[in-house]
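To start, the structure itself, in structure tokens.
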Amino acid sequence: MPDATGLELLAQRIRGAVADDAVVGTAYQHEQAMLEVAPARVREVLTYLRDKDEEPYEQLLSLHGVDYLPEEPRLGVHYQLLARARRERLGVKTRVTVEDPVVPSVVDIFPTANFHEREAFDMFGLLFDGHPDPRRILLPEDYEGFPQRRDFPVGGEPVLFTHNEHKYPRWYE
Amino acid sequence: MSSDGNGNGAEHSRPDPLAAPYREREQSVTLERVGHGPAAATEQLEPETELFTINLGPHHPATHGVLRLLCTLEGETVLDVKPIVGYVHTGIEKSMETQQYWKAITFVERMDYLAYNFNAQAYCMTVERLLDEPVPARGEYLRVIHCELNRIASHLFWLGTSALDIGAITMMWWALRERDYVLDLFEMSSGQRMHTRYIQVGGVIDDIPPGWERKCREFLELFPARIDQYEALLDKNEIWLQRLKNVGVVSPERLRELGVTGPLLRAAGDPWDLRKAMPYSAYSDFDFQIPVGTVGDCYDRYRVRMAEMRESARIVEQALDGLPEGPYITTNRKVALPPRHELATSMEALIHHFKLVTEGFRVGPGEAYCAIESPRGELGCYILADGSAKPARVHVRDPSFVNLQALPEMSEGGLIADMIANIAMLDPILGGIDR
Amino acid sequence: MEVVRNKVAAPGTPAAPGTPEDFRAKQLSAQQMLRGDLDGRALEQYVEERVMLTTLDKAQNWARRNACWPLGFGLACCAIEMITVIGSPRNDISRFGAEVVRASPRQADMIILSGRVSIKMAPIIRRIYDQMLEPKWVIAMGACSSSAGMFSNYAVVQGADKFLPVDVYIPGCPPRPEALIYGIMKLQDKITNEPSLGWRKRYDAEGTEEPVA
């Protein structure tokens, strides 16, 4: 991992190269580096990190959605980057609200993001702008709702015990 | 689902990507890419060269699990493959948010259901990172031993079922026979053959019983000879070579772009293995090699996994030789259950036991991502902790999910039989893909 | 070459069953039967030893249970244990006549639901079950197909018996191969002992036929 000072230097370089408002914050905890980026600048930051930085991160390993309820903005997208030559990992995240969950798609920068973005849409309702195939991947195509949001119920049935078995009849009754 | 086309957010004047009818979005084949454009399709296409879309459905004997493949064929040549997954989606990540951290281990083990110790290892490593909790040396060694035995078992199962798909039916019997020995060892150490819940936060759940080491060494003694037998059957087999040689070749650069890791990437010539590159647990103590292929075809993938089995056996042997004494789980009573005999004498042990069993340990707010090398590639676990006893978000970056994106590239242009061989050598585990 | 002839007791003289003399006596009487040489008491005794009386139902059930061909249908982790039962030399399913795992539902007798049934997969399982020809049986292997197991959530059907009539439930997560074999033996007992009514009547499922357009 880049250490804390390396992370700050990286944030400075990104601010200089991309835009001043690109990097919203940095976090370094448990020896893991995390950059927070504005949603509109995601593509430029990731392109910069992949190609032009003096310490590039060339591989995207994971792209996943997170629901930060009750903090606002609620939905987040995490990009987990890897620099193979330097054996370093970097986490990049953006936060969007539920009312406007649009994040630019990075499929043309990192082709591996295809399935990941579909899963993030499936589970959280994050709309990836420019994704070639925006469909649900894990749930049935006509499923309504986004299950992994924190306010979506887990579902399932109550377990039948003696005290409630007459309240929830079995399927043969 | 929010509609952002016409409502609030006037600065985003992009069309709603989901406004198009579903059937239009789901194209089986992009005709421009295969050279049969929409105009050409109607004019110059002769009846004999009609494109034929079939469904290698979720219920199929040769797909490893419930994988659905929408194939567009021209004769026997595969023009386009679209994998459709989700038929065993279990909502494990959502269920884990409702369970305590140590109860969630049973859930996460059932994702990649052939590499259960690896799932648990990735998850426990991430929790330990969030807790800043070190694992004692004996615990690390026991984890490594069980993980490498699980790698051997997973590769043996892969070998048996892949050979079955390609036609060498004898291999299934032999591979499952050896796998039964490994499962006997797991049963001896943890009581269960699969989904052993052996790896816990802070170490392992229990020490290995007396006699386990002897039995393990007996297995390790007979195992290399068995691999020799498998290789004698398959390596130079004419049918095997014809089915696998030069089939499904993808360049390592393209594989890296697609995020593919594990034996597929190593078979293409890229020696990236997290056990050596970014060592975790006790792997830096052991001397082992990383088998790397040259061409990147299915035969290389087969050879890489066979060699990996040998290396795993070597690692287990070295670990057994150097197994240190000491506790097998962290002595921090706030995280790990105290041993049973202490409950009769110590009040603090009783209180800790009670708190851990009813509420569980709390993890301070934070997020972490840790990755390990599972038999299929990089298995990463991301946990968002919010200070309570239950994780707020767990995401497992499953290697099969990402490796599946390489299947269309591997299969296009080949025959259906080659696609079956590609699926077999890709080693997808649908539980991991669908989670 | 020396030829040794052993004296054999005349037919009618009882020899101890299981001895070589008894076997030889049976061989000779069969030879005589084929030639038509047996008469009277010897003929009656011959026939009594070889004829069994049973009902057609029992014979049918005996045939059905000893050759119950499973459909090759594995969903998740229980499928690994199922493959271990079918394919491992230690647990051998062919002694129950069930090693012929058919790929096509039209040719299969029983379906072993091994693994969690997700909501996306449930209609497909139902369709495959409908394609099987009667008589057909269902074994719900493992906790997930019996009752959703530990996955009480939005994505798993809470028990396969929500949409299929299940005959045998096998608990376990995953059940040991011996447990699956015990379940198959229980199914065999069920086939033997229960009168073979139509399955729709058995599960009160009359009127649930789904017309396929």
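Lettered A, B and C in written order, each chain numbered from 1.
Going forward, a residue touches a chain if its C-beta (ideal position, glycine included) is under 8 Å from a C-beta of that chain, and two chains touch if they have at least 3 such contacts.
It should be emphasised that the depicted structure is a prediction, and the values quoted were computed from it without experimental measurement.
S.K.: Classify the chain contact graph as line, ring, star, complete or other.
M.R.: complete
S.K.: Can you figure out the chain closest to the middle, judged by Cα centres?
M.R.: The most central chain, going by mean C-alpha position, is B.
S.K.: Given the contact rule stated at the top, which pair of chains has the most C-beta pairs in contact?
M.R.: That would be the chain pair A-B.
S.K.: Please tell me the distance, in whole Å, between the geometric centres of chain A and chain B computed from their C-alpha atoms.
M.R.: Spacing between the chain centres: roughly 21 Å.
S.K.: In whole angstrom, what separates the CA-based centres of chain B and chain C?
M.R.: Inter-chain centre distance comes to 35 Å.
S.K.: Roughly how many whole angstrom separate the Cα centroids of chain A and chain C?
M.R.: 51
S.K.: Name the residues of chain C that each touch 2 or more other chains.
M.R.: Residue numbers touching two or more other chains: 120, 151-156.
S.K.: Hey, what residues on chain A touch two or more of the other chains?
M.R.: Those would be 139-140, 147, 152, 154-155.
S.K.: List, in ascending order, every residue of chain B touching at least 2 other chains.
M.R.: Correct list: 86, 89, 91, 94-95, 434.
S.K.: Within their complex, state which residues of chain C touch chain A.
M.R.: Interface residues on the chain C side: 119-120, 148, 151-156, 158, 161-162, 204.
S.K.: If we count contacts the way the header does, which residues on chain B are in touch with chain A in the complex?
M.R.: 1-2, 4, 8-9, 12, 14, 17-18, 22, 25-26, 85-86, 89, 91, 93-95, 97-98, 129-130, 132, 256-261, 272, 277-278, 366-369, 371, 378, 380, 382, 384, 392-393, 395, 397, 401-402, 404-405, 434-435
S.K.: Enumerate the contact residues on chain A facing chain B in the complex.
M.R.: Within the complex, chain A contacts chain B at residues 29-32, 34, 58-62, 64, 66-68, 78, 80, 84, 87, 89, 91, 98-102, 110-112, 114-116, 119, 123, 125, 127-129, 131, 133-141, 146-148, 150, 152, 154-155.
S.K.: Sort out for me which residues of chain B touch chain C in the complex.
M.R.: Contacts found on chain B: 57-61, 65-66, 86-92, 94-95, 106-107, 110, 113-114, 157, 160-161, 164, 172-173, 176-177, 179-180, 193-195, 430-431, 434.
S.K.: Residues of chain A touching chain C in their complex?
M.R.: Answer in residue numbers: 139-140, 143, 147, 152-157, 159, 171-172.
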